[in-house]
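For reference, the structure I am asking about is given below.
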Amino acid sequence: MTGERVTGPGAQLLRVEQLTGGYGAVRVLHGLDFTVDDGEVVVILGANGAGKTTTLRGLSGLIDARGRVAFAGHDIVGWRPERIAAAGIAHVPQGRGTITELTVDENLRLGAYTRRDRDVTTDMERWYEVFPRLAQRRRQAAGSMSGGEQQMLAIARALMARPKLVLLDEPSLGLAPIITQELFRTLGTLNVEQGISMLIVEQNAGLALGIAQRGYVLETGSIVVSGSSAELAGNDDVRRAYLGI
Amino acid sequence: MALFFTQLLNGIQNGAVYASLAIALVLIFRTTGILNFAQGEIALYSTYIVWKLTTTGMPVWLAILLAIAISFVGGALIERVIIRPVERSSPLVIVIVTIGMFLAINSLTQLQFGSGEQALPSFYPQHTWRPGGVLISSNTLALVGVLAVECALLYLVLQRTKLGLAFRGVASNPESSQLLGVPVGRILMVGWGLAAAVGALAGALVVPTTTGLVPSSMQQILVFAFAAAALGGFDSVFGAVVGGMIVGVADALTIGYVHTLRGIDLLVPFGLILLVLLFRPAGLFGTTRVERV
Amino acid sequence: MANQQRIIRLTVTVVVVAVVIEFLGWYFPTHYGSTDTNLFAQAMFIGVAAMGLNLLTGYNGQVSIGHGAFFGIGAYITALMMDHHYDLLGIKIDHVSFLATIPAVAVISFVIGALVGFPALRVKGLYLALVTLGLAVIFPDLASRFVKGTGGTSLVALNGQEVAAPQWFQNWFPRLSAQDQWAYTMAFVFALLGLLLLWLLVRSRFGRSLIAVRDHEAAAASVGINLARTKVLAFALSAMYAGIAGSLSVLVFQNASGDDKLVTFQLSIEFLVAVVIGGTATVLGPVIGGFAVVYIQKWATDQFPSKPVVSPATFGIVLIVLMYVLPEGVVGGIRRLRTWGSRTLRSRRRSTASPARL
């Protein structure tokens, strides 16, 4: 793990300790510990039902979680989702969370809801450059777009908030392989060129490890393996279970 | 022909009132998915506030504005205090809660203001014109005018402000909106507040055109507003206006022309709803939510 | 072991049912006055209507806020048939006994219910609720237009002789021969029959279809359930229940009147409230709900005898509070309590047993 610098790239952005949580009486997470450094892409691998989505929902306040989540100088456990969003965590939910009845433009504007500055339009143009296909559909109802376009919209919408950390829940879900590859290429570029930190939950381990610096493997609510992307990609268990080799 | 136009104008006048209350229903339905049975009674209470204020000598227009403000706060409080605890319950539970409010508000209104008939003045002079035998009343002009202003204001708020954007976002996808930092709870309060304010305006305008303010003043209007909202589609403000007009005009023309249906003229609006819903199950302008297997 | 448990459970059920029948069917009407028997009878006929609505709303997921109309239809048919001097479409109908009106009520309300059920094949949810609301507000207008009762109004009043217990009943049960006891007994008997039918229905193939259609229409259709037949039949049956409840109300109130919009709407609401308070999609819930609706309202009225305006407010507030504390209704609440109880009991047993095992 990298050293504990306080600011700048490489400083610890998110530190999760003993995170537990679940739905009602059913506990899904059994005390997770993991970190994301500033400027880093971290991937969480795991089978269906391992608790990947629950982890992200716990971080963004959608479910009751316990433990300690240090983010940008605050312990955000127990905060309401809108406060966590305002603090700088943008969660792209599973299924893309498209606000179907708003136009693409309006989706992006709503993404900037927590911002008070006047550069929103400038930012929109910036993301339209990154995702030119969205630019062609600015005035179209977001719900009428294809799955891949909606996923791009979801990412652009999250970035509109100028977040410190983006949580991505299965961005490849339901997309054609070629679209998925394009998507991950863009995510990788965003990280390298713009320094955006991401925590990605993904079934497609090969692609995810390709852009991530580090990763964790989650099994039934506990972290069983952790390491750099190279280490994970070389781990026999991981290869068998998640890379299909 | 004069009769036709007179009845048409009558229908439009009534339609404006139904549309107003239907808009209130739509504002709440869009964000919370709740059919608010108490909407008419909330408007009734607001109208009594207007009346009470005018008895102190306050000018009517000022009383209406004040009552609108009070209603906004009251509506928002109702959402926060009464509705919030059951917001995640089954729709039936919420229906029963709004019915409970219907009963409670109606009887508390009577307790506070008495059950006798009260005269509520209008804020414009009463006048009628008769060009070519067509009866045109200042009531019609005022009600339609106010509805137009109300719609324009709502359009501006919903389409041109950040609050409106957040409101529409919450209506379409509350969880996503919350993840973008929209305080969903506060938006719902605003929705209920707006609905109560719109209802207050409807009540304060319609009562002076009828015999007087009584505790049952809003009940028939609520039924027509339900019809209007269903006709237009429950999640469309524009649909509510069109629905209100259709219901109002259809009813007025039935009363004017189809004498066999006198006394059972309600058959017409509800027959119309049924017909429309058979072909468009989510109303004229509503969005059909596709059910996936 | 399992067999033994079943025998015990069966015996307990039989004993409980026997005690309930003995108490409600015999002890109560012979020991309490007409005020009490009337309230009980009202609770039971609201319960009967709620049973039908529960089939439709609770088990089949189709919300109706218009069943007061079917209730009114039943009440009118019974009252008009029992009335001496009434001409129905030119045919003079003479003094028909109460029980003889029931088949007519059942058939007619069933058929009308089925007719109303057809639009429900396309119109769903909230929109359907609104269509049924239309039923509730139009029915009173139709009634005041077409029903010619006593003195030209749409009120059909019956005299004491017409609503009295028939001779054979008086001979069989001389201690139940007063009018209020007869009305009570009928309400009780039909509540029992309604309960039995509901119990059989929800356990049948049809009952499972109802639930399947409610939970997932497309999935239900894909396993071969006939959606149209299931939904229309649910509507028809629920209308039949409401119609018979209306018939029972004629014996209790000694008249039928359906021209008041507020009353019809209020009844529709009371049925729905009874279903939800009792427990949606439960067999016993609607009856319990019927009692709750009648007795909470009576309690609310008794609280402020000098201020009758306050009683609807009290009722309304009690409704809201009930939804906070018992959102699954009384039966649902009892169920939750039972699973909670058995779970804590089991865990306690386990904790006392474990040291021995160690």
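A few points about this structure:
Going by the order they are written in, the chains are A, B and C; count residues from 1 in each one.
Criterion: a residue touches a chain if its C-beta (ideal position, glycine included) is under 8 Å from a C-beta of that chain, and two chains touch if they have at least 3 such contacts.
What you see is a predicted model; the values in this text were computed from it and never measured.
Ignoring chain B while keeping the rest fixed, chain connectivity by touch breaks into the groups A | C. Each chain gets a centre from the mean of its Cα atoms; the one farthest from the centre of chain B is A. The most centrally placed chain, judged by C-alpha centroids, is B.
Distance between chain centres (mean CA atoms), chain B to chain C: 33 Å. Centre-to-centre, using mean CA coordinates, chain A is 43 Å away from chain B. Averaging C-alpha coordinates per chain places the centre of chain A 53 Å away from that of chain C.
Among all residues of chain B, none touch two or more other chains. In chain A, no residue touches two or more other chains. Per the touch definition, chain B reaches chain C in the complex via residues 29, 35, 82, 85-86, 89-93, 95-97, 99-108, 110-111, 115, 216, 219-220, 223, 226-227, 229-230, 234, 263-267, 269-270, 273-274, 277-278, 281-283, 291, 293.
The part of chain A that touches chain B in the complex is made up of residues 60, 62, 80-82, 85-86, 90-91, 93, 97-102, 106, 109-111, 113-114, 157-158, 161.
Against chain B, in their complex, chain C makes its touches with residues 57, 63, 119, 122-124, 126-127, 129-131, 133-135, 137-138, 141-142, 144-145, 216-219, 222, 261-262, 269, 272-273, 275-277, 280, 307, 309-313, 315-320, 323-324, 327.
Residues 162, 165-166, 168-169, 171-173, 175-184, 287 of chain B touch chain A in their complex.
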